[in-house]
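For reference, the structure I am asking about is given below.
Lettered A, B, C, D and E in written order, each chain numbered from 1.
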């Protein structure tokens, strides 16, 4: 186990290094640089000073080395566009906000999605099944931005049940100000509901056809017991596989939600940074997001083992 | 419970809060004196730059900081009021300016605002190592340009603090526009001790700043909310009525409209279809409306270096044909639903001799435009003439020009489609769009000369027509297609030291005519403006062109 | 009960020809799958809807006789009427024509991106499966890296590098999507490689090329078709999302995404400008999804009889 | 037995599979035997003992781990180019699973034609077609089956198609990997009859793998008994059934159920009951692999793997106990 | 009834169809048989003839919308028709009265549940045991079926067991609640003969000890000979012959049974002697023939066989066969004498 952990961590670090490298060169390939805009009206000497200050005057490979060294020491540098903003600050201020939004969306999405999936699988071919299909297609076809605005208009504007914009801060960062989180969470979770409902339905249908379900039936177990004890756990593997994707998506994917509800999260900042070619911030954010993704992948592997005893951590299969 | 909730955005003023004054916006029984002096405003982005010398964020700085003069908006353009200065002495020759500073002006930490603060700010502006782009505002100061370019030293710059409350500046040549530049934030004072203590972080971290304006920036969460509170140390604090100003970062117009309709926002900046809706409400007396001109002109720029991708932009007739093929009236109505069609360069918001410059002179191309307007045959003839002059044999229908645009909003999109189609329909040529998402890519495309025409514009920094005319001087900005005309430059130079206003006015006229009518250096499309809709309980809300676009210095709430 | 006569009780035995007679009709795997699909009303409705869609995106923009590009400012923002069935947009263009033109672009983008994804993903996956060992490891790492970088970043950056064009849009869309196909193909080939009929071909002395084209590809088609039928709505949807960020198509080209993002801005005033493109998007996505479900059933070997 | 031409000679063949993390599965562990021209060598052993692996390694389908397989004197795994190609024609295989071994997306004529195409055995389309028809009829199917897909056929018919596919390249040696175990009795007889008939007509050499001992006895001249990857007994089929030596073979033979209630119920008492668990083939310990279930197990069985020894009349057994009782 | 003993199970005219995209598969087409207490009945027949479907029907495992038990079918368990059972009676019947052992034990065991729980589950449902009691009993059950170290083994997952042990776990599950009726659906097909022998011994042993009635489904006549007292021969969804084991093995009356018995290779045969085999393939149940389903492959086929299904002819002591050859008008044909080879 210890050996396994060490190997896993080494692999993760290697992957992160590759990701950082890929991101760096991808960003280099984009024409223009983050200072073009700012330096436009400057005299040549002053411009040169500015480029020097951000280290953009150095050749690419040297900058690559510097960037990598920075990342290794946890120093991503400061924003090129918004003077004074650092990745560290970002992690401190914005990441928790996005994380709560993401966690709430994914949790709600998965819960409701799974319930709908079970419903659809158990009532296959009935109205309920088709209703779930239609609902899930609707949920993925209508952009979350539109959902968000509609929810805002109806529940904050007309009914005044919830505040229009805002997000809990300070001591409420994690567990307070629920009323502020209702609409954004709702608006963002539809995609997950749809995805998980479909996923679970498919995999449950697979499992229902298995012989051991028939064995369970022949024991005289009730339908509910069969679903709970025999079908669900065996249907979870594809659901777990989907998890890292959702986590990766929920950070950058909440861009629109964050923007319409004025939520100071990482998604909004990320898109702005991309548009501004804000190299240092992009590097930092990408590496952090990737790290999160990789960690979730690792957790997923643990979950696999927890769910399916046939899978072992060290060997792929036994 | 929400009362105890700590929330980054207090969107609860009308939403979930149970405090009576928040929900009862139509509660007439309340005495006006009871109203909470708190104003809720919308912004679409926070500037993230707290260094006045950088002028990064004018609308905030104009309220939280203060310079020698304050720009105050009015019905007929902007006026200057003394602010940090109590009086200004100008020498006979117009070269020496002596500012007598207000002795009761204080920073938010209680320290007095001194002449040295101004000197430090101005010195900083010129510091070649800092690279402030607005340094050119004071290049006319003796020794300034040399110092900035590394050829002189700071000691030779004629900026002096004669005593704590007397600040003196010497100019190289007399400059009637100098005064109008004084309202610009780069010429605001900066506290040396604090700025130097902050070092590299000066202007980056708002918590390190001190303020000398009516309000203090007291809280800020990026992409979310900013809070100003009244500055108790402000010299005119007695006349500042608002205790608190909340700025919400609201990205979507629809969200802002929802909040405004709910009374969660006190002022909204109308645009698109919302203009119509709120105009109706305003005429029904439900809300107040405030619309003013704004010193900005949007135009088509031509590529002068190579004549563009097509090589045709060197010819004035071709440029004119393109310019005249656009029906500005229709465009303004169809694309924006606001703004004023532009046939000149200088926007109506610019005043000269206390009156709108535009009101005093014809727009240069309005007459010639009318000759061609809507007449396809004549326009194409003009274009053909240009082709002939260039010796280009390509039939007009095979001509293809590239229009460079950026931005992804619906308005951006509609705008470029409108332009493309107008030109195509009227001239019978092809217009290809070169569209980039954001402005830094726009800059790199532009600098690579991948266009014939582009959408560009100028938003004035100080209140003088010269600010507009100067942008077309040879080699000044890249942004206008590298137009270069020696005669034009010479004419601009003749203004240096010219104090006679009538003479200056004449030269301005000549310059604008030469630029637009003779050379067609750009095709102006429209002049910018502001449309604010204000809740009835808000009093004395104002707007200005060179200060704060949403001026809340004297604003108060009553009857909410 | 037939009549019992002594003549019927003569032993005649069986005929040689009869004993090996196959009563099942001679149909191919695909015919068989198609037959099953035909029995699935929902899948058939989806196919019908898709056929109508294809016809409509070809002729739809012409039906009303209004050009979907040329503006007519005098007629802007009209509500649906007998003249303009779906109303007009903010430059006075017939929305009915525009919606079909938009759907055309969306569908073409989705189809081409899917094709790119399939081709590249298949090749890549085949490479991984074929070489195995460290090549597999390295190629797998590449996929892992691509998957870990937020796809939004990759998409936007590709659009920036290649410029705002249809081509770059396609590249940007497919570049993150092929990973999944590659993985699937890798898994499939690894599985097929162990299958007895591939061994049989090897025993016969078949060269790898032959095995790939005669055995691997035909046997993966079912999975790939399924992959495609889920990828297509995905692409339509992603393109729509990009339009919201302003990195979709270059005007005057329009897609459903562009129409929806434009419609969103006027949804307070002209909700129909948002409603119709959304509705069409829903119908297309739903049709592809349901067809995909149907295909899964039809192509599933377990349900084969 | 007089000297016969050796077609295939297997010498100390080993085939290990690595099953992740340094563990090896010894599917075939040091197996040696010869196959003579024109004979049928039966290979039996319980499921998973390495019969398929051994068969496949013998014809070069799997790489060997160690040892040697000589086909007509040439190393099967060292063949290249033309020789290898020719080898693939001369040696064929019929697969265990009639459902999995035929590509479901191909017509019968393409399946049978594949060998013709690969080895260019037909000059033109017509000749190819005729060959396909001939072989279809040879295995007892009709011409009209040529254009059908395999899922329309029953298991027995499929297995015939598999045989036709192998026959069409005119091989000399065939590995029959449990060609009947997926079929039910009435069909099994069809296939076995066909195979016997073909052998008589064309003089094929067979390696016949199965775990159904009665069928193996029926078809084989000699029989090899495999246990967990090692050869435990090898002799003529008559000898084996009348005088099994290895305790495993004895147990196996006694356990064959006989389709006769009286005999079967009588025999029930005399059946040798094997106790103990079948050990895992992964990371096996040294010593005799059968010892955990063997009632004659001795201390030496723990330590030393018994070698295959001739106990007379070409009857080979690998067992310490037999060696002792022999002496 | 010819037997004095009360039948524990009686199946009457059972018809089961599956509705597939290809059409209606008539898997079981009117099967009738009975089973007495403590008796072992073997159902033999080739692959796909409807043995498993019959078993599933008895177990109540035929499910809509695909599967359908046709009207008129009756399955009487101790005299009451299980097809008319309500939920609670079903619950009691399934697992409690009647248990089943499937062929592929790995597929039939839940891969994500420890073996002990899978056994205990049954006990908790039917014997109202507490968790602890059930767990203890599960260990005993494993011990009963001869799994060494059962205390340790109950905590393991099915994939950690060998094939034979998995099959024993299945048996343990089936026997946990002392069922009166045990259905074994090819429990040993996947196992080699030595393990097969062990499994059969366990079943026989339990049968003797607890007086369980067993239905043994297989197509291995050796297994049948080993275990069965009575035999039903199925062909194409019907029972073509049934009787005591000796009747069927020594005096079979149906040509299909003849062919079946003859095609089994016997150890006493000549080497490479041609085996008797049944030519051709069984009919497609999608579109079964009107007449006798075996007529297309039967060497004694008569015109009448193609036209009508023969009725069962009763011989001595419950031996029945459905063949036109036993009609008075038919020519006399005896079973040919080349047992196991020509």
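One rule holds in what follows: a residue touches a chain if its C-beta (ideal position, glycine included) is under 8 Å from a C-beta of that chain, and two chains touch if they have at least 3 such contacts.
It should be emphasised that the depicted structure is a prediction, and the values quoted were computed from it without experimental measurement.
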Original post:
Could you give the fewest steps needed to travel from chain C to chain E through chains in contact?
Top reply: 1
Subject >> Reaching chain C from chain B through chains that touch each other, fewest steps >> reply: 1
**OP:** State the pair with the higher C-beta contact count; candidates are A-E and A-B.
**Re:** A-B
Subject >> Longest centre-to-centre distance from chain D, chain (CA-based) >> reply: B
Subject >> Centroid spacing, where centroids are CA-atom means, of chain D and chain E in whole angstrom >> reply: 31
Subject >> Inter-chain centre distance, chain B versus chain D - centres from mean C-alpha coordinates, in Å >> reply: 89
Subject >> Mean-CA-position distance for chain D and chain A (Å) >> reply: 54
**OP:** Determine the centre-to-centre distance between chain B and chain E, using the mean Cα coordinates as centres, and give it in whole Å.
**Re:** 90
**OP:** Check each residue of chain D and list the ones that touch at least two other chains.
**Re:** 157
Original post:
Which residues does chain B have that touch at least 2 chains other than itself?
Top reply: 254, 437, 441
Original post:
Of all the residues in chain A, which ones touch at least 2 other chains?
Top reply: 31, 149, 275, 277
Original post:
Which positions of chain E touch chain A when the two form their complex?
Top reply: 56, 59-61, 65, 90-96, 99-100, 102, 104, 107-113, 121-122, 125-126, 157, 159, 170, 173
Original post:
Quick one: in the complex, what on chain E touches chain C?
Top reply: 20-22, 25, 279-281, 283-284, 286-287, 295-304, 307-308, 324, 327, 329-331, 333
**OP:** Flag every residue of chain D that touches chain C in the complex, lowest number first.
**Re:** 56, 59, 61, 84-85, 88-89, 91-93, 95-97, 100-107, 114-115, 118-119, 140-142, 145, 147-149, 151-153, 157, 162, 165-166, 169
**OP:** Spell out the part of chain B that touches chain C in their complex, as residue ranges.
**Re:** 253-254, 257, 272-274, 277, 330, 333-335, 407-410, 412-414, 416-418, 420-421, 425, 433, 435-437, 441
Original post:
Touching chain E in the complex: which residues of chain C?
Top reply: 1-2, 4, 6-14, 18-24, 35-36, 39-40, 298, 303, 305
